[in-house]
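Pasting the structures in now, so scroll down.
Same chain, two partners: chain A is paired with chain B first, then with chain C.
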Partner chain A sequence: MIQFILRRCLISIPVMFLVATTTFFIMRLAPGGPFLSERAIPPEIQANIQAKYGLDQPLLVQYGKYLYNLARFDLGPSYKYPERTVNEIIAEGFPVSLQLGLAALCFALGVGIPTGVLAAVKQGRAVDHLTMGVILFGISVPTFVTGPLLVFVFSLTLYWLPPALWGSWDQMILPAITLGLPYAVYIARLTRSQLIDVLKQDYIRTARAKGVSEFRILWKHARNSTLMPVVSFLGPALADLVTGSIVVEKIFAIPGLGRYFVESAFSRDYTTVLGTVVFYAGLLIAANLVVDVAYKFLDPRIEYS
Partner chain B sequence: MERTPLTAETVAATGACRTASTRHTALARLLPVLALTLLLASCRRESEYFGKTDPPEENVFRFNNGAEPEYLDPGMMTANTDERIAAMLFEGLTQKDPRTLQPMPGIAERWEIAPDGLTYTFFLRRGAQWSDGHTVTAHDFVYAWTRVLDPKTASAFASILYPILNAEQFNQGKLKDRSQVGVEALDNYTLRVRLQDPVPYFLYLTTFFTLYPVPSWIVEKHGADWTRPEHVVGNGAFRLIEHRINDRIVLEKNPRYYNAAQVRLDRVIAYAVVDLYTAINLYESGEVDWMPSNSVPSDFVPHMQGRFRDYSSTPQLASYYFTINTTHPPFDNRLVRRALALAIDRRAITDELLRGGQIPGSNFVPVGLPGYQSPPGPDYNPQEAARLLAEAGYPGGKGFPEMELSFNTLETHKRIAEAMQQMWEKNLGIRIRLHNEEWASFIKTRQNKEHDIARQGWIADYPDPAAFLDLMESTNGNNDTGWKNAKYDALMTASRKETDPFRRIELLQQAESIVLDELPVLPLYSYSVNTLLKPYVKGIYPTSLDMHPLNEVCIDRRWRERGDSPDGHCE
Partner chain C sequence: MSSLATTPVESLPAPTLTTSLRRVIRRPLMASCAAVILIVSAASLLAPWIAPYAYDAIDLKLAATAPSAAHWFGTDVLGRDLFSRTLHGGQISLAVGIVGTLVSLIVGVLYGAIAGYKGGRVDELMMRVVDLLYSLPYLFLVIILLVFFSSSILMLFVALGLVQWLTMARIVRGQVLSLRNAEFVQAARLFGTRTPGIIFRHLLPNMAGPIVVYGTLTVPTVILQEAFLSFLGLGVQPPRASWGTLISDGAGVMSLFPWLAFFPAAILAAVLFSLNFLGDGLREALDPRS
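The block that comes next holds the complex of A and B.
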């Protein structure tokens, strides 16, 4: 097992190197630069600004310096917000994205599993059709529609919840629902189909024949085998939630890391683009590793070579 | 490289591909529809005001500053989002009157201007302190100004100090000795400034953020980190207590401010909400009290005017125009440029398309400058336009090469460009392609003069016609037209030396009439600023530069009895 983890860590080094290199050069291919402004800056000043950030050096020298700093986990100052370093931007933004992702996941589990169970137990009945209809809606409606709709109802009509911003628990509710909804419906579907399968198993029929209560069957006998696929979905789902919240962060003005993905590319903030891309790449690699290790624990039959 | 001719639809589509984020663009397209539904729904409540009107429980003023400030260092900043924060943290020699923006005593109690207009002597007040207890002295200004001009600082706004003697030479490295720059502390409380030319707006510049003093001991100690909440020291009405990037900046009243008795807010929160629809939701639900500077989405604007008392639209000293690249045919021909200008129905663009209070006009200097009247420009005249185009050798547009109109990707710019395209096709029979680019590429294209016609907007830094007319000088870095006119340059040089204000205005008017005759630019309209301000906020007034000193703002809890005018008091 340790050997497996070590090998995976070693393999991830060239992967990260490739990600860093590709991003560096793609970014530099885009026209314009970070210190362009509508107001023309005298050429002497422009030259001074370029020199201050080392942008006047040959590209390969810049690339070398960048790799050297990256190896020391120093992502440099942001070019768009020069009073901040990219390390700081990530340190401030990532916990927010993580919180949002976790809140969304809690919502997805809290709503998805009970709904799925209900639909499976009442299979073919009105409740089942109703929940599956809602699920279809939940899958097909994108977050940029759900978000404003929720805001309209709960913030601007009922005045129950704040429409945006981040900091208190009530500000977390709407974004967590918006972001978590597609995952909730996915989990509900997963739970429903799995539970339907499980309930058809012989051992369940045996339990029923012995007169075990319906609740006890669900809780004692069907629970673990039903939740297995849900648990294995959690790892990728969390990574996806944390990295995929750009739209929700925008709608609810949440100071997470997602927005830098888009905005720093527009403002040619080279260091921030590189920093966030490399950070997310590392995060995804780590998340995948954790999931693989977790599989191994959950199902010892899995072999890694 | 040959570019495929673009229709409006493909422009939008390629724009979407270029941003590599279709979700994002789809969002941008759907949101207005949704937002509009929300707006209409809220109108059903038939309130006189947009959203909640209950003052916040605490004595706090909250506004949406828009973008995250790039700098809090006044010597480095360039944007008005940064300015709003700096104006609370620092105070210059003079400060702006909140209604008229005219300079009034700030750190300088009084000043003397020599008859030749070249020497200013400022006498500083004695009670002014930095927030760490140091006294504010004339040396702090000398340090701050020479720091901005120091080539090593690489301040992007250093050129605003160029009216000062030797400032330009020092900034560009042609002069090494900083003591030659025309700013000098005669003693702790006397500052003498010598100018290169007697520019009449210099006193106004002393209200400007680039000329704020900075605390040398803090700047030297902490370097680029000096504006962090834990380090920063200011001399303004407020001090910084929290800064969460891309979220909020929290300020509280500075008890050491010399005029602290007049500051009636305990705290100010400036949010950095970029999405306009999110921002307006925050305003509607009463989470923010002020939406400055066009943070009202443009598709809301036509529905707000005249319906909500907390909405206002004010003409701004800012020009929307198109820059023509005059270096190659057919646009090197003055007749062609005139034909283009005469074929634009500006009123249709402002009154039917935009409907946001913009003032249509062919004048280059925007309307609303006291004491200045633009000479007549090329107003809408399609017959004359067609005649001029024929005279230039393209009767009915025959033989006219297909040229390109570039703009940065934004819905409003696109709609305007499409309208222009149609007008030129209808009135002149010429076909112009539209080309959108995202901001950074667009700026590069225009500065490299790789455009034919490109969108341009300019906001005055100080209320003077020169803020615009300087742009068209052949040596000006912002002149992306390639147009050079010796007579124009001579008039501008003469205006700078002229000490008689009336004579100076005449010279500037003559200069503008050359622009309006030669037309290296096609002016469309003067901007307007659309804002929302809760009726309980007092002390914020509409101004032509969209600058709003917040020192004396207050929250009136009894506004329902006393009325919603921004004048008035809160006790």
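The block that comes next holds the complex of A and C.
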């Protein structure tokens, strides 16, 4: 087990290197730069700014320096916000995105799993058809439609919840639902189909024959094997959650990392873009490792070599 | 070769693509989903001829009028006819969905087939790469590509297709692994057929089912992602529109002119719903266990 974790950590180093390299060269090979503004700047000042950030050096030298700093977890200064480093920007924006992501995940799991179980237990009945219809519909409506729609209904019509910004708990509800809904829907679908399969197994029939109550069968006997596909879905879902968060942060004017990322991409803030991508890549690799370990606890039969 | 002896005798052949297609279409709900897709695609394809107005004809006197007999879906804030814009937008959204899916099909099928057929260390290495890519924030790279190199439609096609090929590669590899030692493949090998011939002539036709099913499910995903990028201002540039840009423009003024977001969103949702539903139905019909 420990060996497995160590090996995964070792593999992730070249991956991070690859991510940093790809992103670095994609950005640098593209035309434009962070200090090319509409306003005409005297060439001497332009040259000075370039020199200050080392942009006048050969590309490979810059690349080497970047990697060296990256290895020391120094992501460099932001080109857009001159007084701040990328580390500071991440430290400021990421907790907000993390809160949003966790709230969305809680919503997705808390709504998705019970719905899926309900649909599976009532398989083929009206409840099942209804939930499956809602589920397919939920997959088909994009986040940037549900978001404004929720704001329209709950903020602008009913005045129940604030329409935007971030800070208090009631400001978290609408964004979390908006971001979590597609996952809730997908998790419900996964749970349903897996539980239907599990309930057909011989050991469940044996439990029923022994007179075990339906609730106990679900909770004690079917639980772990039902949750397995949900857990393995969470790995890739986290990557999606991160990108989905960009849109939700934009809709609700939330000062999270996703918004910084898009803004910095538009203003060619090389270091902030690179730093965010590398940071998220590391985060997702770590999250996937956690998912794989959790998987092992749910199914002890899995061997990691 | 010991695998000759252990190849299981197929007792119940899996239904072929055509029979399961027929089986799916016969169900009324599925048929109506197919009808929705056909009608919307046909209308979008014929947009230059059937759209009542030009998609970029601005008439400020008509700015943001509610749906009427002259303008079925109403007009947007610049007085452009929303119905015409939705039809033209459908062209772009559907084209992105289809081309993106094709790109992902080509890359994914080739990659998966090679990995599965070569097997051994090659397979392990190639699949490990897929595992790693799976865990990366891919859309970030797409955003970077689109921002830094001008966001042309061609770039959009390629970038979106390149995000989607991973699952396809996994599916195809699994299929190839289960087929590579089948008798007809061994026979082909004995005749001296080369690897590309075996993959394209013998293996791929036998995997058409899962590939088509997954393709059907990829189209809505790609359409959604185009909409996502459009929402961030990275997709199609004005005055052209896709469903994504129409919805995102409409969503901004939803409390004032709700129809601007409603109509494109409803059509997008209907098409995505139909595609997802059809894909699911096809998958069930192809599964011999059901």
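Throughout what follows, the second predicted complex is superposed on the first by the 263 of 305 C-alpha atoms of A that agree within 3 Å, B and C clash if a C-alpha of one lies under 4 Å from a C-alpha of the other, contacts with A are read in each partner's own complex, and residues count from 1 in each chain.
Quick note on the criterion: contacts are C-beta pairs under 8 Å (C-beta built on N, C-alpha and C of every residue); 3 or more make two chains touch, one makes a residue touch a chain.
Quick caveat, the model's predicted, so the values are computed rather than measured.
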Practice item. Please work out whether A:81 is in contact with chain B alone, chain C alone, both, or neither, and reply first, second, both or neither. Key: first
Considering only the touch criterion stated at the top, classify A:252 as touching first (chain B), second (chain C), both, or neither. first
Between chain B and chain C, whom does A:266 touch in the aligned arrangement: first, second, both, or neither? both
- prompt: Looking at the overlay, what does A:159 touch: chain B (first), chain C (second), both, or neither?
  reply: first
First, second, both or neither for A:90, with chain B first and chain C second:
neither
Q) Can A:185 be said to touch chain B (first), chain C (second), both, or neither? A) neither
Check your understanding: Touching A:227 in the superposition: chain B (first), chain C (second), both, neither?
Key -> neither
(Q) Output check: A:217 vs chain B and chain C. Expected answer is one of first, second, both, neither. What do you get? (A) neither
**Message:** With both complexes overlaid on chain A, does A:42 touch chain B (first), chain C (second), both or neither?
**Reply:** first
The shared contact residues of chain A with chain B and chain C are 30, 32, 142, 144-145, 148-149, 151-152, 156, 246-247, 250-251, 262, 266, 268
Chain A contacts chain B in the complex at 30-33, 35-45, 48-49, 51-52, 77, 80-84, 88-89, 92-93, 142, 144-145, 148-149, 151-152, 155-157, 159, 162-166, 246-247, 250-253, 255, 259, 262-263, 266-268
Listed in rising order, the residues of chain C that touch chain A in the complex are 132, 134-141, 143-145, 147-149, 220, 224, 227-228, 231-232, 244, 247-248, 251-252, 254-255, 258, 261, 265, 268-270, 272-273, 276-277, 280
Chain B contacts chain A in the complex at 21, 23-24, 26-27, 30-31, 34-35, 37-38, 41-42, 51-52, 68-73, 76, 78, 151-152, 154-159, 171-173, 224-225, 227-228, 244-248, 271-275, 277-279, 281-282, 284-285, 287, 438-441, 443-445, 447, 457, 476-478
Counting only contacts in the complex, chain A reaches chain C at residues 11, 15, 19, 22-23, 26-27, 30, 32, 136-137, 139-145, 147-149, 151-152, 156, 235-236, 239, 242-243, 246-247, 250-251, 261-262, 265-266, 268, 273, 276-277, 280-281, 284-285, 287-288
